[in-house]
Structure formats: C-alpha cells, structure tokens
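A short write-up of the structure that comes next.
Order of writing sets the chain letters: A, B, C, D, E and F. Residues in each chain are counted from 1.
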Amino acid sequence: MTQPTAKRFAPPPLDKLPEDIRARIMAVQEKSGFVPNVFLSLAYRPEEFRAFFAYHDALMEKEGGLTKAEREMIVVATSAANQCHYCVIAHGAILRIRAKNPLIADQIAVNYRKADITPRQRAMLDFAMKVSLEANRVSEEDFAAIAGHGFSDDDVWDIAAIAAFFALSNRMANVTAMRPNDEFYLMGRLPKA
Amino acid sequence: MTQPTAKRFAPPPLDKLPEDIRARIMAVQEKSGFVPNVFLSLAYRPEEFRAFFAYHDALMEKEGGLTKAEREMIVVATSAANQCHYCVIAHGAILRIRAKNPLIADQIAVNYRKADITPRQRAMLDFAMKVSLEANRVSEEDFAAIAGHGFSDDDVWDIAAIAAFFALSNRMANVTAMRPNDEFYLMGRLPKA
Amino acid sequence: MTQPTAKRFAPPPLDKLPEDIRARIMAVQEKSGFVPNVFLSLAYRPEEFRAFFAYHDALMEKEGGLTKAEREMIVVATSAANQCHYCVIAHGAILRIRAKNPLIADQIAVNYRKADITPRQRAMLDFAMKVSLEANRVSEEDFAAIAGHGFSDDDVWDIAAIAAFFALSNRMANVTAMRPNDEFYLMGRLPKA
Amino acid sequence: MTQPTAKRFAPPPLDKLPEDIRARIMAVQEKSGFVPNVFLSLAYRPEEFRAFFAYHDALMEKEGGLTKAEREMIVVATSAANQCHYCVIAHGAILRIRAKNPLIADQIAVNYRKADITPRQRAMLDFAMKVSLEANRVSEEDFAAIAGHGFSDDDVWDIAAIAAFFALSNRMANVTAMRPNDEFYLMGRLPKA
Amino acid sequence: MTQPTAKRFAPPPLDKLPEDIRARIMAVQEKSGFVPNVFLSLAYRPEEFRAFFAYHDALMEKEGGLTKAEREMIVVATSAANQCHYCVIAHGAILRIRAKNPLIADQIAVNYRKADITPRQRAMLDFAMKVSLEANRVSEEDFAAIAGHGFSDDDVWDIAAIAAFFALSNRMANVTAMRPNDEFYLMGRLPKA
Amino acid sequence: MTQPTAKRFAPPPLDKLPEDIRARIMAVQEKSGFVPNVFLSLAYRPEEFRAFFAYHDALMEKEGGLTKAEREMIVVATSAANQCHYCVIAHGAILRIRAKNPLIADQIAVNYRKADITPRQRAMLDFAMKVSLEANRVSEEDFAAIAGHGFSDDDVWDIAAIAAFFALSNRMANVTAMRPNDEFYLMGRLPKA
C-alpha cells in the first residue's frame, strides 16, 4: 500500500545490503509491521546509514531531562520549518504515540506558538527553532531564556543537537524526495492507537 | 470535547446573536454535528460575520473550472505558509473529504511541491502562493505559466481570490487565536469517513 | 482623463450590472465626481463585490475608538508594505482629506516610523503591520504593547481587521493590476481641498 | 513653514560654516526659494558635504544616455525600497518636474513594476534595484538583460553608480532622521508647476 | 597558543575519555601538531563524537567524482552562508592545502560567485547552496542544471550530503561557540606550506 | 602577479589619466609597492574617483573617538554582510595591520558576534550593521544602546557614515567585479608584517 520512494537514488535490493543493515531493516519491519522509507533511502550508502542511525539513536533513544515525546516535538517543529515531508509525517506519528496525544503533532507542525504545550516546552522549541534557523545568532540571551525553565546544560545540548541533526536529516529527505510511508498518516490518531 | 476558542474576543451567547447568525450557526451544527469555531469567533462582529461568509461562499461553494477539492487545496497551501492553525486543520479536514483522499491535506500543508497532485494543480498552487506571499510581483509571466494548464480567466480569478480571501482569514484566525475544533483532526482520515 | 484599469478581468458594461451594484456606482460617481476604479474592477464578480464593500464599510465607516483618519492610516501603511499601487494612492487621498493634513499620507507610505504621528498612532501602526506581515507571530506581548495606549479590545479588533481586510484588498488589486484614478493623486494636497 | 530636521546632529549656524558651503547653500536658496534640508544636515561635516555633493553632481547633473528624469527614477525607486523618507519625497518632486509628469513619482515609489514607464525604463529600474538590494548577486545575466535595451556600458555604470550613491544617501538620511522640506510634497503636481 | 574553546560544554579531561576517542585525538595531534578544537568540543558526548566523525569521514575522505579540494569548497561556501566561525576558518585552511591555492578559501568564503573556480565547480556550489539554504525547493531543474556538468548521481549525492552534514556541523559549532585553533588562520597561505 | 580586474569598465591607460589621479595612483604604488585595484577601477570616472577618495579619506583617515583599526572593523563587518570580495580582502588586510592582530579580520568577516572584540566594539558593529542592513529601522533604542558605551555623537556619526559609505563602495565593487590584489591576502598575517 505504501508508495515507493523516489527512484533517483535507488538502494540496492535488500539481499545485496550489508548484513548489519539488512538486520536493522528486518528488525524495524518486525517491530513496526512495515519498513519506514528512511531506512531504504539511506541504505543507498551503507557507511552513511550506519553513522546516521548511530547519531539518531544517541539523541532520540536516550534517557535524560527531556522526555522522548519532547524530543519528537523538536523534530516536528524544526522539520515543519524546513518543509520536510518525510520528517513531519513520520515523526508526527511517533510524537502522537509517545505523547499519547492525537492532536499535538499537527498543532506543532502548523504553528508551535499556538500548540497546547507547557511554557517549558515552548522555551525548548523557541531555542530549537533558533538553532535550526539562525544558529549564527544564538547568544547568551538565548541560553538565559531557556535556563529559566529548569533545563540542565545537558538538556540544552540535547535540544540543540536534535535540531542540528534534523537540519541534516531534513536536507537529505528533501533532496532524495523521501516519501513517508502511508501508514504514518493515521498512526496515533485513534483512541486505542 | 472541543476546547473553547480564545477568550479575548468572546462572542455574545448564542441567544443574544442576531437571528440570521444564530440560524446559520444552528444549521451548521445540524449538518456537521458540531459548530466550527470560526462561526463563534466571528460572531463577535455580526456585520463582519455576514460579509465574511458571503465572500467565503461566493468563492468556495460555486461551480466552475476548479473542483471544490482544488479550492480547498489553495486554502491549505496558503494557510500553511501563513502558519494558520485554524485554517490548516479545519480546511485540511474538508480537503480530505472533498478529495476523498486521506493523505492529501498533510502533504500539501507540509510542502505542496512534494504532494501527489497533477501538474495542473501544481501550477494552480504556484500561482496561489505567489498571490499569497508576493502579490506585488505577480507579472505576465505568472499568468502565462498558469495559462498553459487550461485555466480560464475566470478560474484564475478564483485562484487569486481564494488566496486573497484566506490572507484575510488567516490573519483574523491568528490574531484571535482561533482554535480548530478537535473533531477536525480525524475527519476524512478513515476509510469510511 | 483617468486611464482605464487593466483589461484582463473586464467587468460588464454598466447597464448590464445588477441594479444594486449599478446604483452604488452611480452614487459614488455623484458624490466624488468620478468612479474609483475599485468599483469597476470588482464589478466583474457581483457577489464578491457585495461582500467586499459590506466588509469594507463595516470596518471603515463605523464610529469607535479609532478616528476615520486613523483607519486610513492603517490602510496606507499596510498597503505600502504590500506595494499596492491602487490602495496607497487612493487611500492616501482619503487619508489626507480625513486627517486634513496634506503631508501625512506620503509620510506613512514611505516609512511610518518617521511620520508625524502620535505615540498612540505609532503603536496602532506597529500592531497593524505585525498583523499584515507576520500575523503568525502575534503574541501576548503585542497585545500588551498596544494596550498601554488606551485602546479597547474593540479597537484592537478594528486595527487587526482593517489590516486583514486590506491584505485581501491589496492582493486583489495587485493581481488585477488595478489602477488608481488620476484624480486621487492631487486630492487633499491643496489648502482648500 | 518647513519643520526643522532632527537635532541630534545639528549643523553649526550658517555664518559659522566654511565659505564655499555657505555659498552653495545660499545659491540653492536663491534658485529654489528654500534650502533643502539635506544641505543643512550634511553641513554638520564640511568635508563629507563637499564629497557628497561632488559625487551627486557627477552622477545626476551630467549628460549621457539617461535623461535627468530617468536618473531621478532610479533615485525614487531605490529610495522607496530603502524606506528613505527624505529621498522619496524630495527626489519625487524633482522627478515630477524633470519628467513633467505629476503622477510618475508616486507610481514608482509604490511599485515601479506597475508604473507608466517604457520597457527600457523598466529594465533600467530592474538593474538598479538589483544593485541596490543584492549587488552581490549581479551577474552576466543582468548585464545581458539590460544590454537588450540599448544602454551603453557608460549608461550601465551610471545606473549602478546612482543606485550605489543613494544606498549611501538613504542610510545617512535615515540615521540622521532627515526630514524633507514641506515644500517638496506639492512640487510638480499642479498643471503649471 | 591556541585559545581554549567555550566552557559551557566542557569535555572531560583527555584521560577520562573512552579509549577510542582518546586514540583518535592523539592521532590527529601527532599528524597535525595540534588538536583541532572540534575534536575536544564533541568529546563532550562520546557517542555523538563517534557518529559525527564516521559520517564526516564517509563523505570527506572518500574517492569519487569530486576531488578532496572540491569537497572542502562545499564546506567553506555553505559554512560561510551559515556564518560558522569554526568551519570557515578550519576548513578554509584544509581547502588551501588540498587545492594548493592560498587564495581560494577566502574567495569562496566571501562570495563564491566571484571566486576563481571552474563553471563545473560553480554549478556544484550552486547546488550545494540550495541544499544548505532552501532544500525544500530543490527541484528537477536543479538536478538538470548540475547534470550538464558531468556529475554522476553518486557525485550529486556527495554534494548534497556534504552540504547537509555541515548544516548539522555549523549549528553545533555555533551553539557551542566552537573556536578555530589559531594555527588554522595561516595554514596553506605561504608558498611552502 | 596580481590578476587584472574585470574588463567591462576598463579605465584608460595610466598616461591618459588626469594628472591628479595619476599622481595619487603613483603615490599609493610607491607607498604600498602595488596599486590596489580600487584605484584603477574607479579611474574609469575621474570625477567620481575624486569624490570617492575625498569621502573615504574624510572618514577613514581622521582622528577621533574611533581608532583606525575600529574604522576598518566596520568596513570588514559590513562588507562581509554585503559579500563584497574586494572590500573584505583588501580592508581585512588593512585591519590586520592597523590592529596588529593577524586573526581579527577573518573573525569579523565570518561572524562578528564570535570575534575577539570588546563589548564597546561589539556595540559599534551592531549599530553599523543596522545602518548597513536596515537603516530604515534605526530608532532611538539603537542610539541608546550605543550611547552606553561612551561614544560621542561625533563617533556615532562616524560609525554610521562609514557603514553608509561602504554600502556605496560594496555595490560599486560588486557591479564592476573588482578583484582584490593577490598581495592583500597575506598582508598582516605574519609575525613581522
């Protein structure tokens, strides 16, 4: 049912991929019931695939001052600003599930300033957006603004690093015309999801 | 279940509204099962309410070279560029229903250049976005670009007028912090919807 | 002496127009001595014509905390930002007359920050410009800034709604290449005007 | 009747100015009937005054492929983009007089793309605006576009140099809050002007 | 002689770092004679350090249709657009050395459109800049423009991926106020370097 | 060794130039050991040459509250924002020499917010950048911000006038594709320079 992703940078067939990459893809298939297209798109370059997911997991799967849902909020807000089709739809789904909130992803994607989030989350997204859109202007005032909300230096690094990592991710997805799988659109929207 | 809209510009209670406005609100309630918040928000000013919906209906409910789904595409694309929470969510729902396509609204909202639309629809949205974002630069080249896709002058007026009308609508929704009703988020996403 | 407006969207001849529209045009001709081109341009679409002027009159002809001259200041400032030929010239004339000030329209059109206006009018225009140019960022700080100048909530709605309505109007004028009548350029500039 | 210019950088009284500067000011007073404020503002710095007017006269008073009216068109278009109160009003007056056209200055100031100018003048202003707003992107394509309209290399230098000189002038006028004399607003607007 | 990098995100002392990271740092120290600050800054987070340099090396140290100097051109051009102090200075040095050209890095950093590069390199940088600054608008026209210069699909991926990776890198360097080592400023500028 | 500057606007040979201009060029040749290309480029127009250098010297060679190095900082920061190849490279060299600091020019060119400068110099550059990039928005707040750092009104005029003068200079250099002489790149970078 999922439409294939763009053909310009077609990855090799699954059985030609390096073993570790094929194993990761099969594991996600088993867990999710489908293979998110980002895994297939980036398999075009095995070395970059490994570095990409190692970086991703280091930022998104860790424990710390930010919840996993909050990490996804950063992804959705910055990816929407970058008009990244894949990341907004796919991470919007993950955000709905992690936040157990069927409305939050669309709210943050359209205009995070109007979303139903806490003042702490608003400060987190303001900082993330500055890193995403004009990191050259990040100043002590920005650190002071976010410090008032109880984030540790480690948390601030996480916020910045997630915004920075998806600056990379959004650009790769846009250039490769990466498509979100159809399955993502409805995930986390239904009461029992 | 729907959260109320912002309180700064609270409309009078329903039974204090002029008869024609109350009647319209009750009709939409009957048809939709809920009252979209735009009707309540704009009831703050009955004369503007009447002009707004007269304008809206003249553009969105008419027959012509654009389908109703295509008219909603223009709304969603330009409202996303203006980061209008209400219009993207509410008209996204209407677009899904009119296009009988559960994915199209999110695709257009994130980046209409990547959406599954026809070249004719792409030209329509390119023109609409230019009207929305830099109408001062609309030139004969823009009319020529869209003319190649079989739009009549009347269709071009419709495209421009819808983009222009929602320039107004997006600004009012943003200033009044108009909230989309919760019901909109899921509308048109399920197979039988 | 007045040059005709653009020919792409030519309205039907006066005697083919619906009676109410012809009557309004003849009334303005009688009052002003000429027919402002906006009436002819929008007569291309009678229903939209009626909604447009109903909306316009509800905002521009009403009493309230803003003087009629101040309402025109909002039109001139936001229309200049949108580079709307028709609105800057035509409403600049109306502003000169309503303010009984031959210099004010040009000052506001070029750079309202340098115009001879009161601090209250400056705050009004700052708010209107934010609605016109980045309504998605209007925040409580903007409401607080303008509240300090004695505007009621109703006045703030008026400021926002005028800026929003001319966002529509500027776009229609730009797309239709609407020309201001030559008569407007000199109106209100002479001592006895 | 003319309001004084801003007081932050007040020039010395006329009788304390160097003789050559006083002489130039008195000559312009005799010719125009008033002293344009730019002469008083820049007299704050005699050396810069001399260089400024030497540069100005070298570009604006010369003969060549551009008429004097066309030179003023460049000033008005680029000064409007820079929102320079003094230059738009004062040079708008000079443009009206030199072009013997009471409408042209306002048209160019609001949106030169809609002004009643020739295709050659449009190309001239497109080039000038690129120099004014993004000279870093001027490319061979821009030279090719303007070359098609019969401008010599010397004319192209003039266009660029006028845009560049008023980039300086607009900034000085904005920082010093230079006010146009009231006399400029009406100059060239009346049939016999 | 090198000033230390910013203190907010201070890495642990060298002897507390994981062995593989300490080894890499010591290897670069041996090879270069100093430790580029990026290694110290990112050691704050060992897992991210490993992913970062794995990604970096996969893109920058590989063979292929782009020379190593050309890869550095992409880094310098996009990092200059992002105003990244560390990357422009450090990679400018590497570019000078790899291109054996003491002028090229400064030329590309200031305005790559004026640099002494080939038309093929210009097309490469135009594409890279689009990925860096508006990847959401990358279209078939951009692929067509670069295809004319003999780049393979693999080369185009490299160009895009380098621009995307340094979008991440520039943001981390800006947020952490990463300082280039003083040694970089002069590297590759002298005949014998 | 220096490559010639662009050929579109070629100045007459040295022996055809007016005596005063030839003399100035020979004097700078004697002092510097080479003729900076700006002298040759602008000799295309002797009158403008004279006005340009008179203006330049009045601002850059004077005594006052700003050191000569600080004046060059303004040139480098604003010219980098305008992507002016000639001015960043040539004035970067002069800045290194005047500041006796081999790193400062590159730091300011890349991102003056990260440069090793004093808070007073940072305030000076913030003001200069506002004049350079959005003089239309210079307000009393900007004057207040800089006043706190002990600048006199005369110093503030200097800051503004240097930014304004190089707005002109950057545009002329970009349009004429003026090349910095190769000699500039290394000047002031070596300990004994």
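Methods note: contacts are C-beta pairs under 8 Å (C-beta built on N, C-alpha and C of every residue); 3 or more make two chains touch, one makes a residue touch a chain.
All of these numbers come straight from a predicted model, not from anything done at the bench.
**Q** Show me the overlap between the contact partners of chain D and those of chain F.
**A** Looking at chain F and chain D together, the chains touching each of them are C, E.
**Q** Looking at the contacts, which chains touch chain A and chain D alike?
**A** Common contact partners of chain A and chain D, which must touch each of the two, are B, C, E, F.
**Q** Superposing the C-alpha atoms of chain B on chain D takes a rotation of how many degrees, nearest 5?
**A** My answer is 120 degrees for the C-alpha fit.
**Q** Could you classify the chain A-chain E contact as same or different, where same means more than half of all interface residue numbers appear on both copies?
**A** Same residues, largely: of all residue numbers at this interface, over half are found in both copies.
**Q** Please identify which chain has its centre, taken as the mean of its CA atoms, farthest from the centre of chain E.
**A** Ranked by distance of C-alpha centres from chain E, the top chain is C.
**Q** Using Cα averages as centroids, what's the distance between chain D and chain E in whole Å?
**A** About 45 Å, centre to centre.
**Q** In whole angstrom, what separates the CA-based centres of chain B and chain F?
**A** The separation of the two C-alpha centroids amounts to 52 Å.
**Q** How far is the middle of chain E from the middle of chain F, if each middle is the mean of its Cα atoms, in Å?
**A** Each chain reduced to its C-alpha mean, chain E and chain F end up 29 Å apart.
**Q** Give the residues of chain B touching no fewer than two other chains, as numbers and ranges.
**A** 83-84, 111, 113, 136, 174
**Q** Which pairs of chains touch one another in this structure?
**A** Contacting pairs: A-B, A-C, A-E, A-F, B-C, B-D, B-E, C-D, C-F, D-E, D-F, E-F.
**Q** What part of chain F is in contact with chain C in the complex they form?
**A** Touching chain C: residues 136-137, 139 of chain F.
**Q** In the complex formed with chain F, which residues of chain E make contact?
**A** It comes out as residues 3, 80, 83-85, 88-89, 102-103, 106-107, 109-111, 113-114, 174, 177, 179, 182, 185-186, 189-190.
**Q** Which chain A residues qualify as touching chain C in the complex?
**A** Contact set of chain A toward chain C: 111, 113.
**Q** In their shared complex, at which residues does chain E touch chain A?
**A** So the residues of chain E in touch with chain A come to 8-9, 44-45, 47-48, 50-52, 54-55, 58-59, 82-84, 131-132, 135-136, 138, 143, 153, 157, 160-161, 163-165, 167-172, 174-176.
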